[in-house]
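Sharing a structure below in structure tokens format, with a few things to ask.
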Amino acid sequence: MALAVSSSLMLSNLQAFAAAAASRVYEPTLLAYGSTADYSSPGRDVPCSHASSSFPKLSLLRKTVPLRLGCACGSPELSSVHDTGPHSFTGMKYPLEDVLEAQQFDRQLMSGIFQVAEQMEEVERNSAGGNLLRGYLMATLFYEPSTRTRLSFESAMKRLGGEVLTTENAREFSSAAKGETLEDTIRTVEGYSDIIVLRHFESGAARRAAAAARIPVINAGDGPGQHPTQALLDVYTIQREIGRLDNIKVGLVGDLANGRTVRSLAYLLAKYDGVKIYFVAPDVVKMKDDIKDYLTSRGVDWEESSDLMEVASKCDVVYQTRIQRERFGDKIDLYNKARGKYIVDKNVLSVLQKHAVILHPLPRLDEITLDVDVDPRAAYFRQAQNGLFIRMALLKLLLCGW
Amino acid sequence: MALAVSSSLMLSNLQAFAAAAASRVYEPTLLAYGSTADYSSPGRDVPCSHASSSFPKLSLLRKTVPLRLGCACGSPELSSVHDTGPHSFTGMKYPLEDVLEAQQFDRQLMSGIFQVAEQMEEVERNSAGGNLLRGYLMATLFYEPSTRTRLSFESAMKRLGGEVLTTENAREFSSAAKGETLEDTIRTVEGYSDIIVLRHFESGAARRAAAAARIPVINAGDGPGQHPTQALLDVYTIQREIGRLDNIKVGLVGDLANGRTVRSLAYLLAKYDGVKIYFVAPDVVKMKDDIKDYLTSRGVDWEESSDLMEVASKCDVVYQTRIQRERFGDKIDLYNKARGKYIVDKNVLSVLQKHAVILHPLPRLDEITLDVDVDPRAAYFRQAQNGLFIRMALLKLLLCGW
Amino acid sequence: MALAVSSSLMLSNLQAFAAAAASRVYEPTLLAYGSTADYSSPGRDVPCSHASSSFPKLSLLRKTVPLRLGCACGSPELSSVHDTGPHSFTGMKYPLEDVLEAQQFDRQLMSGIFQVAEQMEEVERNSAGGNLLRGYLMATLFYEPSTRTRLSFESAMKRLGGEVLTTENAREFSSAAKGETLEDTIRTVEGYSDIIVLRHFESGAARRAAAAARIPVINAGDGPGQHPTQALLDVYTIQREIGRLDNIKVGLVGDLANGRTVRSLAYLLAKYDGVKIYFVAPDVVKMKDDIKDYLTSRGVDWEESSDLMEVASKCDVVYQTRIQRERFGDKIDLYNKARGKYIVDKNVLSVLQKHAVILHPLPRLDEITLDVDVDPRAAYFRQAQNGLFIRMALLKLLLCGW
């Protein structure tokens, strides 16, 4: 049974939709991205220009998505979502245009996104608002496989009533194999869809795609570069599990040299007050200086430790990561040594505080033992599901606004 | 135009939905599966404990799927489906929780499923009930390709108004390639969907997945193990084509040693009375003793024959199968000899009774000649479509109950 | 919010639907296809037998798709689409049954399709009619990858409210790899869907599929054979950009020997009056004699030229194509020489008339320089999007009729 209203009510809503669509505009991107993206560089940490309230010049408007008839963007059904939005974001003043990199997000914006994500938990649970994005079409353009991330985005879109065009392995396929540029592919795919979720093997690809596209682009990971929705879901999970983001102690464990997620997480945590970060990594994959320097420049307290038990006993969050075999080439010895060094097991649990949690970006090999899974402090599968809520929130914000 | 009701009616229905959702529970699995699955072992043939009508203990409840707003599970539109359900299955007394192996199904359960499958034929034909599973999301997790089976499940879900997340080749992709366990993958994917359809290359994988999952799992084939929906559609096709399952004569032809389908079919036919089975197979791929012993133990009459014409003249059903080249390695001579031995052609049709049918699980090579296709007794493409109705019925039962 | 009407109105509409469904029939295929398809042969250019208005004999009826409840085929919402259809096509007199090859289309049929395509632009833009094909299921059966074409078809179906079963790489997968014939695959897939979009590596595959199927088949490219929807979108783009199809000058540039699109375009343009065609190709990939002879036989004026600048200055349309490296094997020298010969760049733009346009079937390598993209006469991305509207129109016509 479809949710329905009487036809007279419906018509008046449609008129409201049409009026909203006619007046719908986007402001320019919140952050002016530099041509070389180095998100660990302090100089890149430009605060959002939220002070500006003047209407943007027409020449600056870039992204436009038509309001789809049948979607519930302006529907009273979702008034609760709209009403509880942070006041500073209402009225389309600070629209989100693309999601490209962790640097886009300051405390205020994250707080707004997290509020929407919590509402999305409700939507997912009882299907209210399941027609929020009806009529919208998302293209998942994946140049390298990432089944987990792809399914998470596609579930998010479908839970909101939207539809999906999917490409699991765009790299091997057709046009790209014939030498077409990413920009040309984007200009074609934008003719078929309302929003593009891009996974690419090259750093900076998402930014190039967003520059070429007239519709919103979400970066679902571009090589060694950025994976901003993972970074957001990690921070969101800490807020959901611990209840706050200020005054927390976080232990980052495992492959800190190559792990995109721990680098982004450290970067984003630096936006909060009273954060203490512990780095616990085998020597060959220690956290690099750029992030350490950045934390220092932001006044964040950090230290390195080789004692996982001691760190675990102090922390609110232990964020474990996989040692990535693919980074070691044929140095199997080195890999095996690094891999076995810091394992989260029952012993770690035994010193962990009652309110603390274990996180992991997954997939997990044996760096967290299976017997940890049943402990309520094992939060990594809840963390994976938070990815759904964050992606629902971002799709909602990019297509419907605040 | 969406099917709709006046808003007042709708609201009262929503209240009914909410009430139903609140009281909705699942009983524990019908059959207690042993740790080693040998479905040909007589000892495994435990009857369903349908006598129990007491409310299950909370600790035994496992699978729960939230009732999705907008679905038509409790809608009067489908009252006919609900009203004609077998009385013994109403009231959520014997819910289906997972579909894992042929041993789950006794006569009574199959009879109930087949009644729902017949209703699904109507749904598919005229789209009534096409919103039965609106708001539900099925994940097809295929670790080996099986386009036919995958499309059949996805069509079933979409014909019922549900949505699909699809993975065509999960084995090569991302997390599994990095060494993630099936259980971890399942725990992640269950966060994105309401039901998982699993195809895997390892026997027992579906059972492991079901044990890990909080949502229903359907086994769409796990290696040399089980393919229970194929087994059900074969039995269903016999009932639809012949009109009964008791007192039938069935000839199983072709590769009986390696054919998962013929083994399951023989097993399930043993649950009916007065069944006679003929085995017609090249020497190298004869039916194995475990099934023969099982049939004998159940009092089923069977015999082996090398005369396809004589068997065809006596049978209600001739079930032809493909000789699987992949089982012969480099013994091409042996393969070619086996392959050409028993062909269903015009000669076989000439002795086949008028009411009898030819079945085949497909794909077919040349073991049934093309000129047989136009004969109304060639039922193999109808059989393939029955797979759709059976899968629609199972999805309906797993997500909506009886 | 779903578009809805009061339940009494709905019921009367459903009755109308049912009546329409009961009386719904298809006439036999417009064109009797020969057994060998050579679309450049004049003898193949059989005009449509539009004179016949008698009811077809039952034995000639082939394709039937049930009217799906919930679709808007007969809905007043789309009355504008129905009312503005060309009078000669109304009343199901000349239904489209399959889309197989360019020879199917004469001026009148193209004119009708183009009118529907223009209406589809409106549908795509404001989502009205987004439930036109609700309840219908399209199977995209791709035996070779073509992401661009696949996404275009899938977007078309979803923009109209229909659903999609998708197979990205049917060739490597399951049944085909086991030796199943295309016909058997089609007979199975037609049980799961309402329309099949086929991409195949063998010329003639679409025709074989259509002969086997009881549901409509669209050829999305069959090897070196046909790609009729590309041909239609090229002609449609010329009409949309130039405003007419009679009395135009068209320059075909690049690989004219192997390019399926330029051959089909030349063929279809021959149906219009006063057309002049210029062939501009490197020596190794010149237009073949069959097309030249066909144009001559139809009285179409054509000439070959090696002066792209002069041709560009005269033409309404410059249709550039990619030199296909894969055709040159290891003759890299020859390829590089051919590739660099005729490039559309700022110099070409400088002589191009103001109303003229540059087209390209895409993907593009460097045969059009990037600085051309910003010129409003660069129409190739609009051309790509026209593919969406043409495919929406064809899906609408094949499933709902005129």
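Think of it as A, B and C in the order they're written, each chain with its own count starting at 1.
One rule holds in what follows: a residue touches a chain if its C-beta (ideal position, glycine included) is under 8 Å from a C-beta of that chain, and two chains touch if they have at least 3 such contacts.
If you're wondering where the values come from, they're calculated on a predicted model, not measured in any experiment.
**Student:** Examine which chains touch each other and state the graph shape they make (line, ring, star, complete, other).
**Tutor:** complete
**Student:** Does the chain A and chain C pair touch with the same residues on each side or with different residues, judged by whether over half of the numbers are shared?
**Tutor:** Both copies touch with mostly different residues.
**Student:** How big is the rotation relating chain A to chain B when the fit is done on Cα atoms? Please round to the nearest 5 degrees.
**Tutor:** Rounded to 5 degrees, the superposing rotation is 120 degrees.
**Student:** Report the inter-chain centroid distance for chain A and chain C in whole angstrom, where each centroid is the mean of the CA atoms.
**Tutor:** Centres of chain A and chain C (C-alpha means) sit 39 Å apart.
**Student:** Among all residues of chain A, which ones touch two or more of the remaining chains?
**Tutor:** Residues 2-6, 131, 166, 168 of chain A each touch two or more of the other chains.
**Student:** State the interface residues of chain A toward chain B in the complex, per the touch definition above.
**Tutor:** 1-6, 125-128, 130-131, 145-148, 151-152, 154-155, 158-159, 166, 168, 322, 362-365, 381, 384-385, 388
**Student:** For the complex, which residues does chain A have touching chain C?
**Tutor:** Those residues of chain A that touch chain C are 2-7, 10, 13, 66, 68-72, 75, 77, 131, 134-135, 137, 139, 163, 165-170, 172-175, 178-180, 184-185, 187-189, 191-193.
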